[in-house]
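Order as written gives the chain letters A, B, C, D, E, F and G; numbering starts at 1 within each chain.
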């Protein structure tokens, strides 16, 4: 059996709600639509949270990979 | 069906109004004219906002990809 | 005998509890499921700790490699 | 028709006055003479502005691409 | 005679006690088991020091290369 | 005619006095002896200035490219 | 005649005393034994200085290239 690869975990989260956290402390929660090897991520029905508070509804959001710290299925 | 790729979301936003946010906290709102794999982005009829206030009208603005955190269609 | 390589140490830690620390000071403790050459890491049954306190249960968490300082088996 | 590319916008700005802004907050205004794929930029008849005030006349200035946030024709 | 290369110095330190210092100011002292061209380093029988005080015993620790400033045999 | 390239400007400055500024705010003024595509630069008869004051005479100084913001002939 | 390259200056400094300065403000003074294209540097009979004061004798020290700002023969 092949050893598991990190992107497999993102692949299993497609079309599911995920939380993505950025180096600047912001969180984006939305449905994971797309990602690539740079960990660029697109979420739909997304909202932004700062210090736990919803600050914006964003619809579709493209997040640049190098600004991300973690991503986790909800 | 091919899985969706992040740049597809930017491609669908061509010629539409988008908001682009930078690591330094500034926002640029304009019509998405061009982007590339580095996420370098060109907006037209652009304005800059800082803390929600319009600070400048910029016409055409080239934004270097590595300074971007998120991009979202308006 | 081949000289040891750093990823060998991560490979021996597969399916074991590890602590992963980030440049922003956060710690993630969980079961190491996957990693790659960028040191992107996936943990399961993960929890986040800040200043030694458990702040969140995360289930599965994908951690982007360039945000990691150290990883150590528990 | 080929989709527009970000460097096309810089190409159209050759020999025109542009403003280039850096991650450190400084602005350089000058005539765009040259750029490359790293977004290294050379301006002539350039001046530096900090907080909106002209701080220096620089003649020719080479700006390293990775320090740039935005560039915009005047 | 070939000119010396930096990794030769790390190679001579294999299985010896070394101190590794990070951009965040932390020090890790342990037996150098492995390193690679990215300067990812694995130490065993490692301890962490902050401001000269031992803060943790870590056993095996994987240190991501891009977070390292210096490494020095003890 | 070929469009101008940024390194042409550095090439014309060879053997001339240039000022090189770093991300940490320091300035190095000296005779430009060598540069490469990473914008690593070597100056001779160099001096360092901090806040406009000469702080050191350095003779030959190698400046790592990724720490440079701008370079300008004097 | 070939134009001078930046690494030539480091090559001429082999086996000589050099000062290497880091982004974190620390200085390492020692005999230059080895360097590579990433500007990873190894010094011997090295000492560390902070704010001009000798803080440590280090013997051999490996300095990761991306943490270096300047290097200068003494």
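Here, contacts are C-beta pairs under 8 Å (C-beta built on N, C-alpha and C of every residue); 3 or more make two chains touch, one makes a residue touch a chain.
It should be emphasised that the depicted structure is a prediction, and the values quoted were computed from it without experimental measurement.
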Set of chains adjacent to subunit A and to subunit D: B
Between subunit A and subunit C, what is the separation of their C-alpha centroids in Å? 18
CA centre of subunit A versus CA centre of subunit G: separation in Å? 41
Give me the residues of subunit D that touch two or more other chains. 23, 66
Going round from subunit E via subunit G, the chains run E, G, F, D, B, A, C
Of all residues in subunit D, which touch subunit B in the complex? 3-10, 13, 23, 39, 65-66, 68-73
Touching residues (chain side subunit G, partner subunit E) in the complex: 11, 14, 22-24, 26, 28, 33-36, 40-42, 46, 58-64, 66-67
